[in-house]
Amino acid sequence: MLGIYLDKVRSVRPVIHSITNYVTSGDCANMLIACGASPIMADEPEEVSEITSRCSGLNINMGTLNTAKIESMVIAGKRSNELGHPVVLDPVGVGGSRLRIDTAARLLGKVRFAAIKGNISEIKCLARGEGAFRGVDADGSDLYTGAGLEAAAGLAKELSAKTGAVVIITGPVDIATGPGGTYFIYNGHPMMSSVSGTGCQLSAMTAAFIAASPNEPLNAAAAAVCAMGLAGETAHVRLTERDGNASYRNYMIDAVWNMTSDQLEKGARYEIR
Amino acid sequence: MLGIYLDKVRSVRPVIHSITNYVTSGDCANMLIACGASPIMADEPEEVSEITSRCSGLNINMGTLNTAKIESMVIAGKRSNELGHPVVLDPVGVGGSRLRIDTAARLLGKVRFAAIKGNISEIKCLARGEGAFRGVDADGSDLYTGAGLEAAAGLAKELSAKTGAVVIITGPVDIATGPGGTYFIYNGHPMMSSVSGTGCQLSAMTAAFIAASPNEPLNAAAAAVCAMGLAGETAHVRLTERDGNASYRNYMIDAVWNMTSDQLEKGARYEIR
Amino acid sequence: MLGIYLDKVRSVRPVIHSITNYVTSGDCANMLIACGASPIMADEPEEVSEITSRCSGLNINMGTLNTAKIESMVIAGKRSNELGHPVVLDPVGVGGSRLRIDTAARLLGKVRFAAIKGNISEIKCLARGEGAFRGVDADGSDLYTGAGLEAAAGLAKELSAKTGAVVIITGPVDIATGPGGTYFIYNGHPMMSSVSGTGCQLSAMTAAFIAASPNEPLNAAAAAVCAMGLAGETAHVRLTERDGNASYRNYMIDAVWNMTSDQLEKGARYEIR
């Protein structure tokens, strides 16, 4: 059922405006192209309202935050809301500083998000104001398994109910929840966390998938998560013994570039509960 | 005839100062090295005059624009003009916002450019204040073929006459025009537009080629365009069925790294009219 | 003897805060992951004190400097000193502008560095206020051989005595000196200088190695230098005739990802004098 959302991206070819960190922006741009969308990165407060008006989706990523960028996020987010463009939030490292916590709170107060994607630490921080911090990765103690998975889904639902957004938690099992149900997604490979920016790439893709299917944000977001995870699997199969995380980075983008809707359809592994 | 300009870059080894976007700057740096030049990126107004004085060419790229960077572009551009260093302008996404349109106008008013490179939308915007906008890529409706090619060349000549710069329009056929004639260049591959930053890389290379052959800006610019297009062809031949746009990105830089002047000489496909 | 320091990084898994340039930050992040550390990039003055407090090492890189970043470097550097976290300085292109010279002086006056890494031009500039400038690479005239090697080691010792830091000079032979002795390191390959950011990656790795073995900064730094050089050798062997500097970039990171402590132990080539 999810293959059609990839087809949609490739037929609509949405232009996605990203206000994002400088560390992984190049990979996000190429991943957007790989899935069929078109990227534009711009973060100057003076121009973001116009830029976002000419796009059809907005991706807000809190990495390498600065005060000018925060203004831009608010301006572009509000403008996108006026225009009915979907807005995605990636609250990178939100537990790491007061500035990030305040910025996330300000954004959640002023902008209506179509989707929010984070690891369990980040989502916990947004939902409850708690959560550990380990770089921009999930804290090990936050990794959920078994009973923890239900607790994680509970957190995601809590944040979804509060914000109206589809909430995605990435981890050993990915969760995507929103009005309409909860996906538990089994795609992916542990090595994905060894590439800086796979989470950022997923947020960008999620914006593209929802922009192409704006009336089905939950299914579109789940399709993006499955596509990213499937790319992680496909890329992992391709690794030779001399390849490492740098080649893996390229192979994942390549895998999305080559992914057909049929492959996504067959390769997506999930339950809806 | 164009192979010698690549040799020139490799013997002169010009240091190119780029004031550029953060999305593709790493690839631009590596492409500059691949062709034989040496990169330095710096965009703080306080230091750009000194930095550019120690280089031999300046590359101004309007992606991820911000107000500090605009100051730096003006300062460095004027200083480069004083020193007789060639300056290249890449008006990324110029039709996308008032800020970009004003910045381009301000730069064209204060800085003398050796070359200006854009897609048809961007060049149309600079030459006539019109043009559509689709992300940072050319709008589909702007793609020229047949009679459109002559119209595009006309636009390029118009902007060249107005500015004194060599004007490059990238597209299915690339155009490079300036005092001395007009090149129609047939190198390249459609997949090049699937890699974020190939245009930025070409601008950087153009600065390097002109800095190494400052008295022949048109031929040097045409050689850079042919080299980039030939790299796109060479890299495309190398693609396996599992490769996609990420590997293609690497292969293009690799292709320039391995390109000999003899290969450029034989591989360049163009007409001068 | 140096293999254990790589093992240490992989068992401690230090989170390294980098205040760094936007050109090579993605590669630095992936290199940190490749060696076993975890990256976070953040450069907003408002948050860097908190961010660095949650990490265990700080990497300050002066590329694409700006005034806000300089404040952040001072704030984070002082905070790291208070907490006893090692701080590494990479004075990129320090001879290139008054701003960079002043920034380096300010940092050396306010922050205690565990290690300082530069090419001979940069270290000469810090030690004596002299030195040529060629982009962000060492000036050719500064390259040392034979008797020049002893002079370079003398410079490194001078700066080390002045600052208390381990001082690393990269070049045909790498030098790492500090209280405890001087390493002359023969690993590496000339092609490493054809990849933008190998120096930045080494600084980031040095911060990770010292953060994991804080009581042995000289040995840990030497291990990082050997690991980087060995990666350059391993990656070079892997190059096919169509590969160039872009593939080489990936292969070096891949090589660190796959490097075992045993390989580092056997592959490290150095003398302590």
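All chains are identified by letter, namely A, B and C, in their written order; residue positions are counted from 1 within each chain.
By definition in this document, a contact is a pair of C-beta atoms (placed from the backbone, for glycine too) under 8 Å apart; a residue touches a chain by one contact, two chains touch by 3 or more.
Nothing here was measured: the structure is a model prediction, and the numbers come from that model.
**Q** May I ask you to sort the chain touch graph into line, ring, star, complete or other?
**A** The chain contacts form a complete graph, every chain touching every other.
**Q** Hey, what angle do you get rotating chain A onto chain C on C-alpha, to the nearest 5 degrees?
**A** My answer is 120 degrees for the C-alpha fit.
**Q** At the chain B/chain C interface, shared numbers over all numbers used: above half (same) or below half (different)?
**A** different
**Q** Centre to centre, by mean C-alpha position, how many angstrom separate chain B and chain C?
**A** 32
**Q** So which stretches of chain A touch two or more other chains?
**A** Only 22, 26, 249-250 qualify.
**Q** Which chain C residues qualify as touching chain A in the complex?
**A** My answer: residues 15, 22, 25-26, 29-30, 33-34, 38-44, 46-47, 50-51, 54-55, 68, 238, 249-258.
**Q** With touch defined as at the start, can you tell me which chain B residues reach chain A in the complex?
**A** Within the complex, chain B contacts chain A at residues 21-24, 26-27, 63-67, 93, 96-100, 133-137, 194-197, 241-247, 249-250.
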